[in-house]
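Look at the two complexes coming up: chain A is in both, with chain B in one and chain C in the other.
Moving on, here comes the complex of A and B:
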């Protein structure tokens, strides 16, 4: 590691493993905004978490479910960023280099998310029905033959070991990709792009399986009788869609505040908009593939999952998801003009992020209250709380380094990128 | 009137008609793509609309220099998609509800769920077919006869030469002035093409 790029002290490692290199950044790529950029989200985050803490004290089951929704939302964003960075390296993408630092910074949220995930583990008994021991006891009146058959997979020690493995793996790949890129800013080592590709290849192959199983374990096992092999792809589709929205929003915010004014062009936005549109459609494609097979097969243990989401008021939420996550955005994002008109594109990005949260809500909340559809204050406060802290850590880390990978060999191609 | 509209539509496909004296237009050769790009912009700025550029490979920025704007192909695709979606819905409903209703494990005769894949596929099929057909139509293809082929020099266009052609049907066209403009822009081997509609 070169003299100019040093590791951070271990206490700070969770936020940023590298010492700040902002002073060595090219002036055009230097962060020039006030500290409010991370203090404001942090304040909102702490306020949200304080409100959620009240929920924990008064209605802990509600709190755990709300917390899991917010946490899954942040996890989905990070997973989306993880795959985006990997794909850019593996395809040697040129267009995206100027915006790549945004997802690159975001992937270092995995260790923070692991810490923020501790309340989920504390609430496992409330969240995950299969943690109840009497289900596996043939003499108990709660004995469940189906779940007893799944005991070798769905048991607490193995679950904890799997989740630990997922986070260690994600953190490892993210550490490599993040630090290699930050190192490259001041260290013109020609071996770096090759190393980035190497870790991306591992990250893609193993990561695809890891993300799928993470979705099975963290979200699908909330309803332990139900199963769907496409569920991991469903989770990926939403997360890849939402990272596009984040990149659009961060780029717009940076440019509003006078950074990267000439570097990020409408052509970049248009391509991000195309991706946002494409993965809105891909999400619908996957969601429908899951739905149609279950509808056709009509097996009770599969249909019950959709049945829970189609009665007792949940049918309204399902309709909102279908309209807001696919039908309306499909029509609103299909045109070229909308992707090149930034206020509109920014609005659509916020819309799609909200819908991504709503999707997580729709997956998780009916497990708690299948008989009574409701949106709790704590659902919102946990979302704002966790996303606030998450966004604050992201913005703070982002402000500590150059805003683009300034020595990337393909940067000049990205700067002169046009798509018309 | 109708003839005029027809010839204007054909001009957007770069099919130009010869004038009364069989004058079809002027073609000039340029040394490299950069020169051709510059010449195309200059010809457009001089007020010409009925002109076209020819090169062995696509040149970046040429559509902008020629002032071509965005293609309407997207709307043709959209139209094809809507037609495909409506046809598939109608077909699914008619087949399963009217023509040949079968009870399959108690499901409704016509249901949206199993019809969506067919609706999706037909939407994509008709949309993509209309895109291809629309693209050919907008480009005036296939086009077996082009008066530019009367010039032997022009045949090098698929090999190593870059040409700009201004049609005589352009309102601005004036044989002497147009030739001078092309010469000033650096055009070489300026030829006047005549098209009598007969074999040589």
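Moving on, here comes the complex of A and C:
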């Protein structure tokens, strides 16, 4: 490790494990915007969380569900970034190098998300029905034979151990990928690309299972009777779609403020737009597979999950999801022109991020009140609160290093990339 | 900054796609000469063998038609046996060709040019083999056309809610679009063959090449059509095997009814297809002397695809198994215990070893670049993927909800020989393809040579012109 790149002190480790290397960045790749870029989201985030805190004091169950929705949204973005970075390394992708620092910076959100996840753990009794002990007690009137059969998996200590493992694993791989890349900015060690591929390969293989089980544990077990083998893939599909939207929005914001003006070209946006479109369709394919097979099989233990989302007002929300997450964006994103017209592409990116949040809402909220569809103020405040803090940490970290992996051996290919 | 860039431009991490310093003409020569020279004796030998296989299949089908499906090993709980297993097996094989030609094209993977032609041919022939089975398993073959929604005086329509009908649409669309894509890609090469030929051969290729002259306008239309067909084929890669998986997953048979089936079948299809491409290419590149075009790097990349898709299939096995337990549904749980320890445990463990265990050796670079090793693995994967369909189909059916109805399914000699015969059909078609058509997309391979860059000879003609002017030159054309 060269002299200029040192690890950060432990207190800031959560935000950035590296000391700032901004001063060593090539002037063209240096962050040149005001501190507002992270202060503003932080202020919004804190305000949102303060509002949510009121919710916690007055209606704690509502708060916990709202909080989980916002937290799952941030987790999905980070998981999407994680797979994006890994796939770029493994395929030796050339086009994406100029924008890769964005998801690379984003994956270091895992430790922060672990800390922000503490309220979820505190609210487990409200969130997760299977934490109620009397379900497993044959003498109790609440005894549930089906859930009792799952007790060896769905119990608090094992759940905590699993979630801890997921975060330790994600953090480990992300640490390697993030720090290797930042190190490379000033240390052209030819071994680095190889190491990046090595950790990416491990991160892909184990990561696929980890993400799938994380989705089972954190989201699917909210309705502990219900099961669907595709659920992990469903979570992944939305995650991978939303990271495209994030990269589009961050790139537009940077360029609006005078950074990377010549580096990120319409050609890059067009590819991001293609992926945004492709994974909108992929999400629909997965969602349809899940829905159609359960509808067709018509087994009550499976259909009940959709039943909850098809009555008492939830049917309207389901229709919005179908229209807003697939039908409209399919038509709006299919053309080439829309991917090369930035105001439009930016709008679609915000739309799709909103739909990703809405998807998390649709997965989580009906568990709380299947009988009464509602969108609470705290759902919104927790989303803005968590996403604000999350975005602030991201922007702050992003400002501390070169805006692109400036010594990546494929950078020049990315700079001269054209999209014919 | 310029200095940094110049320094970085020296970084070459990718080996050239075509080895042996071949020129444009060398490539035309290597690819075309095989279709022009006198048919070698070995080809007749191989073709004779394949043709006997095809004859065997025809005889078996004739025997089946004469006697009825009673000559198969089907019994009461196991109403779907070899026919559906072989159908899914062959349709799956086809998926590699479409992935290579469509999805890898959209992903700008230039290495695909060396293998796309033969992989697509493989797709078409595999689908032909697959289509044999729905045609013959209906029992009353004279009514096979009832599968199609044809207006008739009986006012009788197929069941539109049945995935078996969706299969008819999915597979026939797949065949049509793949054939169109394959043919469009062939046109420039057919024109090359025409230009090198005389007499009747010239006339035949002249008709097939549709008047291609290599004019600028021709290339423009060609590339537009190619891109559109690639975009149309991409959803087909996912949809066809998803629909095939619906055949199983919509019913409530334990082991069949699980939501991960569509993407899991797609991954398995690509996995088995790539294994078949390796099996074929390892032999063909040697016999047809195209080792400089289909290089060891190409084979290695395909082995990585096998590793990735094999692991995806493994991921699905683990997920299915876990959720069967987690569901708390005793029938699901039993279906999986029965797979592992029941009377068909041998089939299950064959599948697990071939699909999950063996491909993991491809983590080791040396092994995925070893020709004998990859050939062996590709055979194992082909076997494993056949057994996967056998396990899904037969093992789930042979013990259903009523223990009194349980039975053991054994294929008869007719089942086995029909399946063997489809390989005859497949290789007959494939050998004809190798004999008469260019097995490598020569025009596309030429396009990925460094010399194809219009600026290759700029900058003192040292071959580095393209690197230096790439950014400027291409950005002009983009607007």
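Worth a mention:
Please note the rule applied: the second predicted complex is superposed on the first by the 420 of 420 C-alpha atoms of A that agree within 3 Å, B and C clash if a C-alpha of one lies under 4 Å from a C-alpha of the other, contacts with A are read in each partner's own complex, and residues count from 1 in each chain.
Methods note: a contact is a pair of C-beta atoms (placed from the backbone, for glycine too) under 8 Å apart; a residue touches a chain by one contact, two chains touch by 3 or more.
Since this is a predicted model, take the numbers as computed values, not measurements.
Three-chain overlay on chain A, with chain B and chain C in a clash.
Of the two partner chains placed by the overlay, chain B and chain C both lie in contact with A:296.
Looking at the shared chain after the overlay, A:105 reaches neither chain B nor chain C.
Applying the stated contact rule after C-alpha superposition, one finds that A:286 touches chain C and leaves chain B untouched.
In the superposed model, A:414 lies in contact with neither chain B nor chain C. Judged by the touch definition given at the top, the superposed model places A:181 against neither chain B nor chain C.
After overlaying the two complexes on the shared chain, residue contacts for A:208 are found with chain C alone; chain B is out of touch.
In the superposition on chain A, A:336 contacts chain B only, with no contact to chain C.
Touch counts on chain A: comparing chain C and chain B, the chain ahead is C. Counting contacts by the rule stated earlier, residues 292, 296, 298, 418, 420 of chain A appear in both its interface with chain B and its interface with chain C.
Chain A makes touch with chain B in their complex at residues 288, 291-292, 295-296, 298, 334, 336, 418, 420. Taken in their complex, chain A has these residues touching chain C: 26-28, 92, 95, 146-147, 149-150, 153, 193, 201, 205, 208-209, 212, 216, 225, 227-233, 265, 267, 281, 285-286, 289-290, 292-294, 296-299, 301, 406-407, 409-412, 415-416, 418-420. Across the complex, chain A is touched by residues 60, 64, 70, 74, 78, 105, 107, 113-114, 116-117 of chain B. On the chain C side of its complex with chain A, the touching residues are 1, 4-5, 8-9, 11, 13-14, 108, 235, 238, 242, 246, 249-252, 257-263, 311-312, 315-316, 318-320, 323, 326-329, 363, 470-471, 474-475, 477-478.
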